[in-house]
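Residue numbering begins at 1 within each chain, and the chains themselves are lettered A, B, C, D, E and F in the order written.
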Amino acid sequence: MNMYQMGIVKRNITRADRVAADHLGPYGASTVHEAMGRVGLMKPYMRPIYSGARISGTAVTVLLHPGDNWMMHVVAEQIQPGDIVVAALTADCTDGFFGDLLATSFMARGARGLIIDAGCRDVKDLTEMGFPVWSKAISSKGTIKATIGSVNIPVICAGALVNPGDVVVADDDGVVVVPAALAVATAHAAGEREANEGEKRARLAAGVLGLDMYKMREPLDKAGLKYID
Amino acid sequence: MNMYQMGIVKRNITRADRVAADHLGPYGASTVHEAMGRVGLMKPYMRPIYSGARISGTAVTVLLHPGDNWMMHVVAEQIQPGDIVVAALTADCTDGFFGDLLATSFMARGARGLIIDAGCRDVKDLTEMGFPVWSKAISSKGTIKATIGSVNIPVICAGALVNPGDVVVADDDGVVVVPAALAVATAHAAGEREANEGEKRARLAAGVLGLDMYKMREPLDKAGLKYID
Amino acid sequence: MNMYQMGIVKRNITRADRVAADHLGPYGASTVHEAMGRVGLMKPYMRPIYSGARISGTAVTVLLHPGDNWMMHVVAEQIQPGDIVVAALTADCTDGFFGDLLATSFMARGARGLIIDAGCRDVKDLTEMGFPVWSKAISSKGTIKATIGSVNIPVICAGALVNPGDVVVADDDGVVVVPAALAVATAHAAGEREANEGEKRARLAAGVLGLDMYKMREPLDKAGLKYID
Amino acid sequence: MNMYQMGIVKRNITRADRVAADHLGPYGASTVHEAMGRVGLMKPYMRPIYSGARISGTAVTVLLHPGDNWMMHVVAEQIQPGDIVVAALTADCTDGFFGDLLATSFMARGARGLIIDAGCRDVKDLTEMGFPVWSKAISSKGTIKATIGSVNIPVICAGALVNPGDVVVADDDGVVVVPAALAVATAHAAGEREANEGEKRARLAAGVLGLDMYKMREPLDKAGLKYID
Amino acid sequence: MNMYQMGIVKRNITRADRVAADHLGPYGASTVHEAMGRVGLMKPYMRPIYSGARISGTAVTVLLHPGDNWMMHVVAEQIQPGDIVVAALTADCTDGFFGDLLATSFMARGARGLIIDAGCRDVKDLTEMGFPVWSKAISSKGTIKATIGSVNIPVICAGALVNPGDVVVADDDGVVVVPAALAVATAHAAGEREANEGEKRARLAAGVLGLDMYKMREPLDKAGLKYID
Amino acid sequence: MNMYQMGIVKRNITRADRVAADHLGPYGASTVHEAMGRVGLMKPYMRPIYSGARISGTAVTVLLHPGDNWMMHVVAEQIQPGDIVVAALTADCTDGFFGDLLATSFMARGARGLIIDAGCRDVKDLTEMGFPVWSKAISSKGTIKATIGSVNIPVICAGALVNPGDVVVADDDGVVVVPAALAVATAHAAGEREANEGEKRARLAAGVLGLDMYKMREPLDKAGLKYID
C-alpha cells in the first residue's frame, strides 16, 4: 500500500501509543515541533477556524479529489475515539468539504478534530459545537460525491507526510505530525523541554537577559558583533 | 445601462422580494449557496472583519476606482433600510475605503452591512458599532476623492455578478448573491434543505453513518472502492 | 551607520518625544496615517495575533536573517520602557522567530509590543500574557542562532522605512511609522483631525449625508456624474 | 438563460460584427481597453503560454467545474471559424484542463485561441502548433469527465463578464472583453486612438517632453507641484 | 532512515531501472502523470528557468535549511551520470541556492538538471550552459553555509514525496515523480497512452469531434445536458 | 527632503560615480548583491518583461499613487543619459503605468530602463524597441493623471530603499541597489569576486568537488554530518 493507490480503504492501522499521543497535546505544536528536532510541521497557511483549541490524537487519513467530498463519509467509519482526521487533496482546492453534519458524525465516532488541506464551512456551527478544524480556507462552496479516493494510505497534507496512526498535534500555532514510532520519545523530549522552561521564564521575568542566561555574549563577540554608541 | 458605464447613478432599482430577502439570512451563506445549485458565491478571500455576523439584504452597488472612495458618499444616498452595499473595484486594490464615519452614515440610512472587494479600516470601531463588513483586506491606507464611478449598475465583486436589487447573504462562511428573480424560490429551497437537516443531524449524532444514511455503500462499491485489512 | 551594515549594535539612539509618542497611540493607525499625509504605512499583510490591542511607542530595530533569531536576544538588552521592537528580515521568511520566553524578557525590559516582518509562535501564551505582536505569519517553525545581524540601524519592515527612535502606532487596522522628527507635529495633526470627527459623526448619525456635509454635489456634477431613474 | 443555469448548451448565439471583431485584434489589448473607457479587462494573472501571440475573435463560452473538463468536448462542437473559447470555472482550480488533443480539435473547428481561468498543459506542443492559450496556470494535472456545466451562457472569467458572441482581444498585455454591441464603436475608437499615436511617438522620439506635448505644466503647478534644487 | 533525520548522507541508494528512467523523459510530464493514474505531480508553482527543456533521470535528494546551501556541495559528490538533483527545504524560502558554479560542478558529475523548492540564480548563465532548473523563484539572494541537512533521505518537494532513486520527469508542464518500483510499469503505460494518441490526433485534425470519437453524447444526455437554440 | 514629502521634484541630484555605475552592470545582479555583502536586493517578484537584458545606471526616482501615472511625465524631464528610472508606489497596485509612448520619451532622454513596483504594458512593443523593464505585473489596465507625487526623493521600491543617484543593476536574476557612496568599492569587490570565479569554474568543470576546493569536509564533520551506506 502506497500513496499512489486510489480506491483503497485500509481498516486496520497501527495507531501510535495512546498515552504518548494524549500527552503530546498539552505541550502544543511549537514545543512538540522543537522536541522533534524542528521537523514535521505543516505549512503555516493551515489555520484554526476558531482560536484557543489545542488537540492531539492519532491520524486517520483520507485522500480527496478537488471538489469531491465523497470519501469524507468513508473515512467517518474508520474513526476511533481519540483520532484526528487528516484530509489531503490530489490538487489545490479551497472548496468547503466539511460542515456541521459531517462534524456531528465525526464527533459521534469520537474524532477530536479535522486537519484539511482545503476549505471548511459552517464555521459558526462548528465553533458552537466545539469541533476544531484546521484548514487552508473557509468557503461555502459545496462539493459533489462522484470520485473515489483512498482512506488510511500515507498522504501529504500541507507539505507534511502523514502516515495513518501518526500523532497529530494542533493549536493556534499550527499543526505538527509525529511519526508513530517517535511518539513516546517525542513526548519525553517535550516534557524535558517544558520542565526547563519554567525556571527560564522566571529568570527572564526577573530581568535576566537571554544574552547572559544562555551565555551568548562570547559567541556573539566571536561572530564579530560590534557595539557602538 | 450596463457594467461598462461610468458616471451613472441609478436611483430607482427593483429590489428583490423583501420577505424572501429577510428569510434568506438565517439559513446562512452555505445553505443558500447549496439551495442555489452551488453557484453565486464570491471568492473565499472575502472575510468578515469580525466573526459571528450573519446578514441578508438587498444590494445597492457601487463601482469604485483604486484608491478613490468618492462614490461611497454617492451610494450612501441610495441606501434604503434593509439594503447591503456591494462595492466593486475597476482594478485590484487593498486600500481602506471605508471607516467609522461612513459606517455611521450607512447605518443611519438603514444599511445592514458592506461587502467590498478591497480594504476596510477602523475595524475596532466598526466592531463596537456592530456594523459588519466583508472585505478582501484590512488597511489603514486612506483614499482620495477625485474620480467618479457608478452606482447601481451591475458589478462583478470578488468573482460574482451582482445586479442592484439582488439578495446578498453573508456570514462567517462567505458571501452569496441570489438574483432578485430567484429570491423567493431560493428561500423556499433553503427552507426545505434545512427542514431535512434536523433529522439527519439527530441520526448522525446517534452514530448512524452517512454511508448508510445516504445509501452510499453500493455506489462506492460500483465505483471500485476496495476495503483491505 | 546605514542599513547595509551587518554586525552592529547601536546603543545610544535618539528616541522621539515621549509625550508625543504616547499621545499618538489612542488615535490609532488609520488616523495617524491620515495625519501624516497618507504615508508611513506598513503593508496590510501585517496582522495582530489577537484583536483589540492598540499601542504606540518608540522603535528599537533589529535586522534578522531568515530562520535565525539570535539577534532577538541582542535587541532585548537595548529595550527601554515605552519601546516597541521592530524586526526586519534580509529575505522573506515565515518562521516563528518569537515566542513566550522572549516575550517574557521583552516585557521585563518594558517593551510594549513587537512588529515583525516574519512569523510568530506561542500565540495562545502571548494572548494570555497580553503582549501584542503584529506579524506576517503565525508558525511553530523554530529558528537557529548562528548568524549575526544588526540592532538599531535603519530597516525596511513590511515596506516601510523605520529608523531607531521613530514612533510606531499599531492596532487592528495595521502599523504606521512616524519619523521621530515629525512625532510632535503628527500628534498635533491627529488631535485636530479627531476633534472634527465627533461633530461629523453626530451629523452623519442624524442622517445628514456626506454629499451635503462635505459639499460634494457640485464637484460631482462638474466631474460629469449623471443621475438616472 | 442566465449564468446560474447548469447543463445548458446554447447553439445559436449572436456573434459580434465579424469585421469589427477582426479589426480589433491588431490594436492589441491595451489600446482596446483604453478605447473601451478603461473597462473590460481580465485580471492580470491571465498570462499567455508563449509570448508574441495577438488575437481577436468572438467568444464561445463554457462553464467548467474544478477538475472536470468534460464540457470542453461539448464546447468544441459549438466553435465556428473566428471564435475564441472562453472557459470559466465554478471555483478556483489550476488543473490542466486543455492539451494538444483538444487543441487539435479546436483548431480543426476554426478556433483562434483559448482563454481559461484555470490551468493548461502540453505547452511545448501547443507552442509548436501555434495555438495560443491565456491561462492562470500551467499544470500537468489531469482532469476527469463526470459533471456537466454549460456552454454559451454568460460567464465570469478572471473577473470579467463574458457573454457569448462578445469580442475577445488577447496579447502579451492581457485579455480584454468587448461586448458585442460595442464592437463597432470600439474598433472605431481604437482606430482613432492609434492614428494619434504615430505623431506623438515621433515627437517624443525627437525629445519633446510629454509635459509640453500634453500641456501638463500648468495643471501640475495648480496641483501644487514644487521644483527644488 | 527517515525524512526526519538531519545530518545524514546516504551513499548507496537503489536507483530506478535506467532504461525505464531514460524512456520516461520523451513522454513528458503530462503523459507520465496520466500514466501514473494522475498522481505524483509537484505543485504548479514549480517552473522551468527557460522553456523547452524536457528531462528524466533518477533522483538524488537533498534537504536544505532556508538561506543555507551548504548541503548542495555535499549532494554534488553523490551525483552519478543520469541523476537529477531534487532539493527540498525545511521551510519556505525563495533565496537563490544555486548558480553557475554549482551547475558547472553538477554537470561535471553527470547531473541532468535540478528541481528545487526554492530560488535559483545566474539564470542567464544556466540558460547558456543548457543546464535546466525547475524552481519556485528566481532570486539573486545569496545563501550561507552554516547548518547541515541531509542527502538521499526521503523528502517532500513542492508537495510531492521523493525517495532517492525515484524517477523524475520534468518539462514545460511541470515535474512528476515516479517511484522507482513503478518506473518500468509507468514507462509501459505511457508508451501505450502515446501509441493511441497519434490516431486520435489525426481524427480530431480531420474534424471528428471528441463527442463522437469518445462516444460522449449518450452519457452527457444521461447526465442531463440540454441543447437549446 | 525626505520620503514623506509629496509634490516635490528635486532637479539637482548627486549621481554615483559614472565609471563605477557603468562597470557594475556586466557583473550582473547576483554578483553585485554578493559584493555588497548580500544586501540591497529588491523582492524576487520583480521580473523582467523579456529575458536577456542586463543593465546598470544611476537612479532617478519617482513616487506614484495607485492608478495614477501623471508623475511619469514629470520624471521624464529629470532623466539624464545613463539613468534608470525607479518607480515606487504609495500602495500596492498592478495597473499598467508604462507603455511604448513613455518608453519612446524615456529612450530619447537617455534612460537605460525602468524599474517599477507595479504593472507595465505594451510588452510586445517594448521588447521590439529593446527598452527593458522590471515590474511586478504586466497589465493593460490604464491609469489616470490626477494626483501629484514626488520625483527624486528617497523611495522604497519592492522592499529596497533607493536614493536618487544610487546605482541600480538589473538582469534576469533581479534588481540590486548600490548606494552611491558604495559604488566604487562595490565595483572593485565585484571585480575581485569575478576574477576568482574563472579558475574555480575550470576546476569544478574538471570534476573537482566544491567539498575539496572549499575545504568543507572538516567543518561538515565537525558540524556532525554522518555518511552511511
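Observations on the model:
What we mean here is this: a residue touches a chain if its C-beta (ideal position, glycine included) is under 8 Å from a C-beta of that chain, and two chains touch if they have at least 3 such contacts.
Since this is a predicted model, take the numbers as computed values, not measurements.
Any chain that touches chain B and also touches chain D is listed here: A, F.
By residue number, over half of the contacts seen at B-D repeat in one listed pair from A-E, E-F or A-D, namely A-E. Spacing of chain D relative to chain F, judged by their CA centroids, is 31 angstrom. For chain B, the set of residues that touch two or more other chains comprises 38, 41, 90-92, 94, 139, 141, 147.
Chain pairs that touch one another are A-B, A-C, A-D, A-E, B-C, B-D, B-F, C-E, C-F, D-E, D-F, E-F. If you check the complex, the residues on chain D that touch chain A are 65-68, 90-95, 139, 141, 144, 146-147.
Those residues of chain A that touch chain E in the shared complex are 2-4, 6, 36-41, 43, 90-92, 154, 156, 159-161, 179, 182.
Across the complex, chain B meets chain C through its residues 1, 7-12, 50, 70, 72-74, 76-77, 94, 96, 99-102, 104-105, 107-109, 119, 121-124, 127, 137-142, 145, 147-148. Contact residues on chain E toward chain D in their complex (touch as defined above): 28-30, 33-34, 38, 41, 44, 47, 51-52, 54, 171-174, 176, 197, 200-201, 204-207, 209-211, 214, 216, 220, 223-229.
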